[in-house]
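Each of the next two complexes has chain A plus one more chain, namely chain B in the first and chain C in the second.
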Partner chain A sequence: MTSNNSTSIQDIHTAINTVNDPEYPGISIVDLGLLENIEINTAYEVLVELIPTFSGCPALGVIAQDIEEVVRGVPGVKKVDVQWLNTPVWTVDRITAKAKEDLAENFTVAVQINERVECPRCKSMTDKKSHFGPSRCRSIHLCRNCREVIEVLRD
Partner chain B sequence: MNRSWDSLETFENFLDSGGIVEPVDEMPTEYRQAVFDFIEMHANSELMGGLTERDWIPRAPGLRHKMSVIAKTQDEIGHAHLLYMVAADLQIKTRQEMMRDLFAGKSKFHNVFHYRAKTWGDQVAIAFLVDAAALVSQQAVFKNCSYGPYKRILKRIIAEEGFHLRFGEESVLRIAEGTQIQRSMFQSSINDWWWPALQLFGPDSKPNDLLLRWHIKSERNEVLRDRWIQKFVPLLQGYGFTIPDPDLRWNKEENRWEIGPIDWEPLKRTLAMGGPDSARRISEASESWEKSSWVREALEKVAT
Partner chain C sequence: MNDSVLTPPVKEYLLAFADDEHLMGQQHTEWIGVAPFLEEDMAFASIGQDELGHALMLYTLILECPSGIDTYVFNRKSEEWRSCQLVESTHRRWEEALIRHWCYDMAEDLRWELFSDSSLPELISISERALKEETYHRRHAEALVENLLMVPDSKLRLMNALEVVVPQVLGLFSPIPGEEEAISCGVVSGKYSDLLPIWRTRLEERFGVLDSGLFIQADNENRTQRHSDFDYLFGRIREVFLLDPKAVW
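Now for the complex of A and B:
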């Protein structure tokens, strides 16, 4: 890792920050806690290390492709290598407060911090209805008050 | 806050001014029924679509495609799950009753799932043409849907279907750049699926369509159908494939594609469960539901 290059880690970070989760348009994969590490060597070759929410997540290919594309667009970058790491394991604590807010507001999606999951709409208690939803990182809850059907991101 | 309306007229004024109905509101019976029917059909279609997708997990050409097909299956079944919950909450039918009616051939689902996908080319045609047709109609519903829970779920479904479309586009590109055998396989799939995909939008909307009046749908069937035609004719032709419509022509004055007359008989047959693959599809769905009953029973035991 070096900071002598004209292309900085910060430039690459800024570029990666524009890559959104393919299933949550507008929510950056950086805010979802997928970015683990960026390295750049003297030959301007970039290594981006990511961690998946779940190892078999179908979006991995698309996310890696999107990152490769934006990083290659950063002036000075000669080569990009995107790697998915096995460790550390992704947990919901890696999601930023901003992403949690955006998920609640724009997608009515809650994040499971502890046993108690609040309804993103009315803040009431919810009941878990099934452990899996449209993807393995989500369970389905129902709000006790407003009866909203909620997807809950969980580890 | 439980809102209620003293007449259908005040309710319609509320809808016309952009009002959003929530499950706790005391909505008119007719509206409740219309929303329920619409969501039930959508849920059924997601379930039948997911089961079609599932058939291709063992047959997908290569690991990457297999992963995509598995993921799409989970998405579709997950969408069905969310939609059945929203539908059941309207308290017209329970989830069990919706399943019972579907397996008895009494409930509607999209016409395209009354046909059989015989080759990988068919599967790609579904991912490309049919998924796009479904997406075009869902986007239009989402834009101006008056039933809150459905509108919010549609937003997430649309994001995921958009992701599926990327898979469809990638798969078509692969076939288009492939061997002569691959290209002719896909041409024959286009020949089989072009018209069913186009019929998915349904016949032209009637002037008194209640779904439009109550803002459950926001655009007329023919408008959506035309949007899809204008997009897919040039796309398929660009890849060097032929559209199976001898009357297709470019209207220079209006700058748009015009298609030949649509035969609505095949659509009517699918609605009466008399499509080429209706019986097998329904019995397979029912069988899969039976076979998985132990999972539901086990989960219920864990929950209690």
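Now for the complex of A and C:
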């Protein structure tokens, strides 16, 4: 099904890269590791395969809709099909270094790589206060030094 | 896709799991805004969200038509549901809701593991995802219960709640319509009811040996009859949907 037309796949990738997480404006869903695969056939029908952070994430519908819209806008594309995959399972390892920096800088959000989570503001250690935070993919930590409340993205 | 294995009995079998997950998720979300403290409010919301996600994955597999799920789920007659009474009954006491959460999630991973070698590849991947999410559910239920059992008044409340909830859990483990067909075609590796002893061991390791009277299989619950609280719950579920059944969400 995949064509050799790499330019088109690149165009579609570029378009998808403009779709941001609904809760983090400016952070691309590609950098969050949600994009798994793009396919395009000779009839210019596009299949976009995505991985949800969690199966019950309420943002899935909005994200799929946004992607469909931007891919439809790529010249030559005739049809778009966006699918959420059950495998592989999303982990925070899929988040790019750039997205981690932007999350820390613009949202005071840390990413849980291991048990030690640093404060995005002052780089001091934080303590977990609640495993469950404002959404399914976030815990709440507190910085020992600056007392900032930190949202921590986790898998 | 999978036409050979997804026969009507197998679909009915999977529907029981989807309906359990859906209603358990709904029950948890009923505590949003009214749970005894903020962390529990968020925990129940997140855990409920996972269960709804699991239900959605199963409904998608059964229906093979994602766009028709809302119509199917929200317009079904009560006799077409295959949920068990544990997830249909309303528990307004917090300790009963917590004990149900503990009991249900200590039984749920056992149920997903039955699909780890399924003849339906989609079920293998769905169960892998669900099992990962479930580890947090058990950890949460365990941590909270462990701490509360150290407080005499809390312990008394939890033990009383067990007397209400444990008999309902037996219904969760009762034979599931379509189960034999699902086993014979390799969709699932065994009977869920065979795993009841494992669950009981977990229960009694946590709470001590309980009155054996609690484990007498009550009526002949077979998932075709609804609990008297079902209509209330279903009303809550459909409340917004019925405002405009044709709306696209």
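The definition used in the following text is that the second predicted complex is superposed on the first by the 148 of 155 C-alpha atoms of A that agree within 3 Å, B and C clash if a C-alpha of one lies under 4 Å from a C-alpha of the other, contacts with A are read in each partner's own complex, and residues count from 1 in each chain.
In the analysis below, a contact is a pair of C-beta atoms (placed from the backbone, for glycine too) under 8 Å apart; a residue touches a chain by one contact, two chains touch by 3 or more.
Being a predicted model, the structure only gives us computed values, none of them experimental.
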After superposing on the shared chain, does chain C or chain B touch more chain A residues? B
Once the structures are superposed on A, label A:151 by its partner contacts, choosing first (chain B), second (chain C), both or neither. first
Determine, under the contact definition given at the top, whether A:54 touches first (chain B), second (chain C), both, or neither. second
In the overlay, answer first, second, both or neither for which of chain B and chain C A:23 touches. first
Regarding the shared-chain residue A:62, is it in contact with chain B (first), chain C (second), both, or neither? first
Could you say whether A:89 touches chain B, chain C, both of them, or neither, answering first, second, both or neither? second
Determine, under the contact definition given at the top, whether A:142 touches first (chain B), second (chain C), both, or neither. first
Just checking: does A:134 make contact with chain B only, chain C only, both, or neither of them? Give me first, second, both or neither. both
A:108 contacts which: chain B (first), chain C (second), both, neither? first
Between chain B and chain C, which residues of chain A are contacted by each of them? 56, 58, 61, 129-136
In the complex, chain B residues that touch chain A: 22-24, 64, 67-68, 70-72, 74-75, 77-79, 81-82, 85-86, 89, 149, 152-153, 155-156, 159-160, 162-163, 166, 299
Chain A contacts chain C in the complex at 52, 54-58, 61, 85-87, 89, 129-136, 155
Can you list the chain C residues touching chain A in their complex? 25, 38-39, 42-43, 45-47, 49-54, 56-57, 122, 125-126, 128-130, 132-133, 136, 139-140, 249
Within their complex, chain A touches chain B through residues 22-25, 56, 58-59, 61-62, 106-109, 129-136, 138, 140, 142, 146-149, 151
